[in-house]
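Below you'll find a set of structures to go through.
What follows is chain A paired twice: with chain B in the first complex and chain C in the second.
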Partner chain A sequence: MAKGDPAVSSRGRRAAPRSRRATTGEPELVQLLTPAGERIESATGPDGTEYRVDFTDEEYRGLYRDLVLVRKLDAEATALQRQGELGLWASLLGQEAAQVGSGRALRSQDMAFPTYREHGVLYCRGIDPIMPLGLFRGVDQGGWDPNEFKFNMYTIVIGAQTLHATGYAMGVHMDGRTGTEDGEAVIAYFGDGATSQGDVNEAFVWASVFNAPLVFFCQNNQYAISEPLERQTRVPLYRRAGGFGFPGVRVDGNDVLASYAVTRHALDNARLGQGPSLIEAYTYRMGAHTTSDDPTRYRIASEVEAWQAKDPIARMKAFLDRQQLADEAFFAEVDEQARAEAVHLRERVLNLPDPQPVSMFDHVYPHGSPELDAQRAQFSRYLESFEGSAH
Partner chain B sequence: MSRIKEFNLPDLGEGLTEGEILAWLVKVGDVIELNQPIVEVETAKAAVEIPAKWAGEVRSIFHPEGSTVEVGTPIIAIDTDPGAGPVPESTTSAATSDLPTPSAASLAAVQVAPPEGMVEPGLIGGVTPGGRTAVLVGYGPRTTPAKRRPRKPPAPTRADHGVVVGGKNLPVTAKPAPQVHDRPRVGGPVLAKPPVRKVAKDLGVDLAALVGSGPLGSITREDVQRAVAGSTAVAEPLAAAPVTSGASFGADREQRIPVKGVRRLTAENMSRSAFTAPHVTEFLTVDVTRTMKALDRLRGRREWRDVRVSPLLLVAKAVLLAVRRHPMVNSTWAGDEIVVKEYVNLGIAAATERGLIVPNIKDAGRLTLRELADALTGLVQTAKAGKTSPADMSGGTLTITNVGVFGVDTGTPILPPGESAILAFGAVRELPWVHKGKVRPRQVTTLGLSFDHRIIDGELGSKFLRDIGDFLADPEAALLAWT
Partner chain C sequence: MATETLTMGKALNTGLRRALENDPKVVIMGEDVGKLGGVFRITDGLQKDFGDQRVIDTPLAESGIIGTAVGLAIRGFRPICEIQFDGFVYPAYDQIVSQVAKMHYRSQGKVTIPMVIRIPYGGGIGAVEHHSESPEAYFAHTAGLKVVTCANPQDAYVMIQQAIASDDPIVFLEPKRRYWEKGPVDLDAPLSGAYPLHAARVVRPGTDATVLAYGPMVRTALDAATAAAEDGREVEVVDLRTLSPLDLTAAYESVRRTGRCVVVHEAPGNLGLGSEIAARITEECFYSLESPVLRVTGFDTPYPASRVEEEYLPDLDRVLDAVDRTFGW
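Here is the complex of A and B:
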């Protein structure tokens, strides 16, 4: 950052213009699809960036299919928890567009660091949707290879993954894997509540001063469990980026097209070596924080209803219908596919094998350690001391 | 594969032990789909709808609305193939087909502590009430009775017994592990797990004086218990002791009763109140002969013939009239302000099978004496039947506890949270009493009033109690004078 002039970043670009308003006010959203399903040709971000998308008909339909499938699989997981088959589940209901839009904007070489709610992004990364269910059923520690899918393990500690992502992104930059069209970019997911964490603010500082190729993707779902947004911030979250010296933008998180456009732009900036940026996807958690939570105790029904009218899937369906990009047969076929995949998911979850107790030693270190090996041997002997064991 | 499947109440939150059935959304005979909402259950964390785990026909519903059900208990039975005709005996999910009784196996829910038993109840890793293992966060291990495989006979040598101390793996392969039962540990630190140390401390046992029977001569819980019992006999494993109900005692001659439901609520409320509101208690002994006579006259009236009339009725009336004269006692301490209420939701502490509950009569100050009598009767009957709703118990502003029914004279009651005064009404006894200058046998009782000194000073509390006493000493005169 140029000393003495906080409005100019080290890259010589003008940072986001400051507003004197000190309230969260009316959201200044980048939006390409209105809640009614009307397409907006292009939208301008706070720094003057023009956002637009140019999808084929098939790609539009594909996004719709993603949204529906992700929602259905999530609902099935919630039901499985209620039926005692999962210990816990953090539903993404209402946040599908933010996740599918940003998830589809990732290129194959890009790396993502999720929270525990990024089931939609996980799906877009091509990971078997049963993976997080094994985690929340308590039969494995996650199950997917973060390097293979370029999608890190779910992080339960609020905001911690932003520092992991920052370190990873700094490494990418130091390895010289930025600066070209096919460079690597990193995305860190977190929520509005996490912005109050020290970790997130530290990540902002480090990513900024080391010009890390990182997109901070904040899904502002309005609640940190039960704490509303006004308990987290007095300014719109995206404007915090200005104070750290990188651009911030607020996008309609229920608009899959705008979420895609904004994320793609930020990722491309990062991969070209232009440093981090913050995206605030303005959305709403329609369900509970997790299955252990009861949102009716801290928010009113009318608020939920108001957001119901901004549903990400309904607007996409209205758009496809209006533009005659899809017909009833298509919608029915997508619903049927979602239903079948949910049934399939259920069957597989119920048949997940319980892990071998010694497997807990397997993934602590990539190549083990003498101490761990000794513990494993001791534990194995303990298990073998029972009648009916294999030895 | 059995056709009739029983669905057990799952742990809907993280580490919950029970839930209340709020509403059944299906009934016996209904044909239901997979994931169709079947029941609404409220736990300590949330009220949620549970979706059906199987499609089929509802065969039985085991618990009515309003009942509290332990996690792991069957709540509904579903016939997953209703089109296949009558259910043969052998296809029900358990040995018994005697629905709607849940299968015998599923009722065998006595929780058993780990046989090792070396952890303290309630500590992390220990067994909490209800048998669940305490964990810092999260779901916790399952609570279904553990099926433990028997251990193999001990190997001839235990030379492979390693122990981790201070992060270093101490190999003990070079020499055989101590033969713990006959070899006292000599010198060095005393080996014992922290929970065992706590037990020893609690029981006043010096660990250094004991010979450990555990690995490497470490001292086990059993060693401590043996030392206390002064016996060399091997103590019964702790696991043999039932931890749930019944007056049965374990080898340690202690019984562990899970703290839950009304007991837990009472404990929490009383602790909170006792340590936040500075209580003052005052007593007043009153000649209530005239009140008892007035009650007799009331009972003799035709329109009161079917009404249950007890001394508590006139005590309630006395309290309500005294509140009208001293509204400040009917208030709540709300930190920055005192909330004085015009309405009196009069709480009546009631002992029920489920424990102490305090339902209240809403806006009791507006009721006529007859309405008050009916409300009291209804409240007591509802409480005895165990049907008092949460709404009946919330919003109380002032409470009477009728300890006299237990034959005692008075007490120093603890305020229900949010209330500023509670009256203990003691037994009415015939005692020698100076009445009109002579010692006479009179009906006498003792009133005890606890109040929150943050709001009510001694003067106000005394006046309030004095007025209640004056009413009971001469109800007719008080009514004429005050109303």
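Here is the complex of A and C:
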């Protein structure tokens, strides 16, 4: 059974059992595609906003392709870690719809601030999936220009990037780039655990009082490593927005259509100058926190199975099938593309060169450092002293 | 009128004004920096003249100030963050050490964070706890940050502008007890020809012993040198100015002549800047030294209640005592 929210109404009745309502079908959850793949024409958010999507057949198939691709590339990265080719991997398994839906909702001028798990968003921004793998292989620590890709470097300190996103969004506003349909918006990704961080709460305050063009996109995957949602909150996370003075909505994070709809709506509100909002994408981390984690120590198999039945890809496939938008040849072709891209990714990961030891001295300061130059030279002489020896 | 007599506080205020005038991407952000002009009035009048989009009163959250400034910097702004007091910087410590300091390195040079973090620091003003601390070692220990501190109005005026113009993230420490001390400031001298930001300077020549000081202790060291001169002992005083990177070129040259060295700072001695400076001077000037490098510092206690801070803080007599001891070896 899915983890329910701690029931607000049970305060003061501490002996009462926690609510165990199934999540799907909850009135507060925006959903446009059921786990069985049935389309829901429109859904109403808590503030009365009507959410719907109007995709072409090709676009529906494109979303399916994205979902399959990001899952396959993610699985390949996990395999690479198991084979010792990556030091660590943070899998997005189970969260594909939240990431593809929100990622595809971004317009080209929008800026994203990811955690370390947004491989699906990165893919949807049109970025080569090899880009973050240097970090996990240990050959770099990011190494890309956020402004070139409109996608900040991964941030590992939990919640720190939400403040960066807020400041960036304040800058958008100060540059006069809000208030029109071609204005810019910013999205900040974080998880349920991060909502306990001071930085996230400070970001909520700042975004609110400065009316920043920002969407807080919380993937509530139910766990912060081992700690369940109940250890972070007594209220549904999306309702926290109200206390900070901006709207919040909970979306079925395993529904790519609804994830797209709510994110597109929130981003467009932001770019038009209507300020920040919070989206809680209700989903489930099907795998471990990272490859270093063992989730069997803290959660039971039946819970995972219950979420398996809400799989984001299976429901999209069922929908395409049911609506006759795709045939077996299409599904086979997508699978083949995913396989080929995974092979290509693997080949390139194996060929990522180790950095030269002395490169550790590079880029500490924008205009160099005589002190570090001296350390580099001294260390180089030390390394050279071994040349010609047995080692 | 090129040269005026200004307090250090007014010199900083004037330097900030120049920076706001010269670069539209410069913004000032912090608690009470707007209408109030900051609790020390260092930003006095700036919001009135440059507007609340350039001089931003922020919510009361230090991590938020630095964290949002990171985002503004990525966007292309040059934020100047005011932390109201030294003891209040710690909520922002993660953002400073893990984000600000490392962004350029992690991005392999593709992102610069041209941020200035202004912190009024040090004791001697009779304040309550958390208002008199000297946190420089925490930041000087962190690669990717630079740390500087001014000791007189002229340097305050020039160094704040140099720090703002720099592409490095810089922790700019302001010796708050010297805010009201006056000195001549050449307001028209161009930045391009100014003395470099990351360079120490001999502020009093001498032949018998070398005293190294920075920030609020430069005045104390100069007073000690004056007193020593009355006893016939010529003490050379070096104002270090830059704490990260340290510039000890002038110090080495001085110690090779004098053979004696005393380092003075308000911060606790244990693992303070003086420890690093003593180690480097020992490495570079070993055969010139007539005695060990001695340190005159705050004690390894929390900053004490203000009625005893005069005993905690290094003063003229403790500096002279240390100079005397270098002659006892």
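As a convention for this text, the second predicted complex is superposed on the first by the 330 of 391 C-alpha atoms of A that agree within 3 Å, B and C clash if a C-alpha of one lies under 4 Å from a C-alpha of the other, contacts with A are read in each partner's own complex, and residues count from 1 in each chain.
FYI, a residue touches a chain if its C-beta (ideal position, glycine included) is under 8 Å from a C-beta of that chain, and two chains touch if they have at least 3 such contacts.
Computed from a predicted model, the values in this text were never measured in an experiment.
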item: Contacts of A:305 with chain B and chain C, given as first, second, both or neither; value: neither
item: Partner chain(s) touched by A:205 [first = chain B, second = chain C, both, neither]; value: second
item: Chain B versus chain C as contact partner of A:374, first or second or both or neither; value: first
item: First (chain B), second (chain C), both or neither touched by A:142; value: second
item: Which partner reaches more residues of chain A (counting touched residues only), chain B or chain C; value: C
item: Which superposed partner A:354 touches (first chain B, second chain C, both, neither); value: neither
item: Chain B versus chain C as contact partner of A:328, first or second or both or neither; value: neither
item: Touched partner set for A:84, first chain B, second chain C, both or neither; value: first
item: Touching both chain C and chain B, counted on chain A across the two superposed complexes; value: 370-371
item: Touching residues (chain side chain B, partner chain A) in the complex; value: 7-8, 10-14, 35, 45-51, 53, 138-139, 149-152, 155, 160, 162, 164, 169
item: Of chain A, residues touching chain B in the complex; value: 76, 79, 81-85, 87-88, 138, 288, 291-294, 296-297, 370-371, 374-375, 378, 381, 384-389
item: Complex contact set, residues of chain C against chain A; value: 27, 53, 58-59, 61, 63-64, 66-77, 91, 94-95, 98-99, 102-112, 143-144, 146, 167-168, 245
item: List of chain A residues in touch with chain C within their complex; value: 113, 140-148, 152-153, 155, 157, 160, 162-172, 174-175, 198-199, 202-203, 205-206, 209, 362-367, 369-371
